[in-house]
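Chain lettering (A, B, C and D) follows the sequence in which the chains are written, and residue indices restart at 1 in each chain.
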């Protein structure tokens, strides 16, 4: 991710959420802790899902299968954070949420989160419901249009 | 990581730390939250570093540059967790900590954490101090021996 | 609480749970954060409840109504913590869990947590089920026996 | 606190901070966890201190000596939270921060946090610096004026 300049541009992401870091996100080095970044990206992903009215639907049980974070710069308290969110890729039974974290106009981290549909047991997952796929299609990262 | 069976074997890791999950690590699904896994891996990495007497040394300022987690199974409370830790790879100015999380004899997640030496500013990082490299050499994942 | 020497004695508590602090519990002052103490006390309370087989029973919906913590000393990482837990008092529809936190033989904090039964709506709460009251009776703080 | 209607009124507090709960603040009951409330109150207290330019001053080392929280209602995600903050009382070497948490116009919790000056060792603490006392005087809860 870190070598793709598009991923560091706020406009690349169709969904944004701005929020405040907490003093409790700081670690002994007085920077926003790297695990706190994972919390911020979780919030971005869940807020995107909530913007669709939530993901409670028959045939869909989402599980986080992979989380990858590139840390680009140290985050600080108390300046607000903005997370940009969109859908980076689709598989048959999964999709990848692409995210970026911004503070004071700088991109301080990138994240890909792989979501797999575990509505049925066993390897591979279940196919994504068409209604979900349709809803998420409108939230693709702005890559294909470039 | 997830396709390498070695990475799921406790014996692959030279350092182990066993600890208890907390009720507060559970999320609304009553499973250990995926961000909590990142916290568990942080603990494993820091405990390994502490086992070397800490990483306070001239010419070394470690920064987490990348975190990659493969989630393999849902974790539960209150069964103890064991994290296995070792050094997966070395670069000139960086190294990769390889980790695995176990609960009730199952490997429930894998993690690679890239640590870069930011003792000097600018891209690329500073070379790892030789004393650090020597200490970490003894903690390599048991891959090269196979 | 802080002026009662009994409350600082491990033997005062019928239930104990020992666990490890996490690096992530440290704050910018490199001490265990005061909110982390609240997390530790939650764990002690929940582990006591779990020791009774859990609190899922008809007519009981426990809600935390009050939390009071006296901070006595700064906690450190990575020395293990022991939380002592017992029942301090009973009301008709509530009870008070009394707790203490120990590290390296020192009592570093005390806590009272008021649990109210909200199985019915409205002020005051519902009476505690007799089976719960009976189970908790055996876990009273060792005060009345002195 | 819970029996004082003044404490539940937003206008009682001279300082306010509005922020968003996080999905990760929810517990297995899908309510904002009671320990998360302690985190929210920490944020309110620290933001009030930051509004004064921070508390780094000679002769002052603040330690949280007591935290008392009255839980009044269950909090939800994702509606914003507002914390009201002020100074409830002064001692010679300590002061009490009084706080309230609001969501959707309801007061869902109250908190008193006792801060003691540990600039010198030993029981009792050190006297509050006059400059701190003066700054905090302007942030008293609106009780004395009634």
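We adopt the following convention: contacts are C-beta pairs under 8 Å (C-beta built on N, C-alpha and C of every residue); 3 or more make two chains touch, one makes a residue touch a chain.
This structure is a prediction, so every number in the text was calculated from the model and none was measured.
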Per Cα centroids, the chain farthest from chain D: B
Mean-CA-position distance for chain B and chain A (Å): 22
Where chain B and chain D are represented by their mean Cα positions, the distance between them in whole Å: 37
Cα-centroid distance, chain A relative to chain D, in whole angstrom: 32
Multi-partner residues of chain B (each touching 2 or more other chains): 23-24, 35, 39, 42
Touch-based graph of the chains, sorted into line, ring, star, complete or other: complete
Residues on chain C engaged by chain D in the complex (per definition of touch): 34-35, 38-39, 42, 63-71, 74
Of all residues in chain A, those that touch chain C in their complex: 23-24, 26-28, 30, 33, 35
Residues on chain A engaged by chain D in the complex (per definition of touch): 19-20, 22-24, 39, 42-43, 46-47, 50, 78
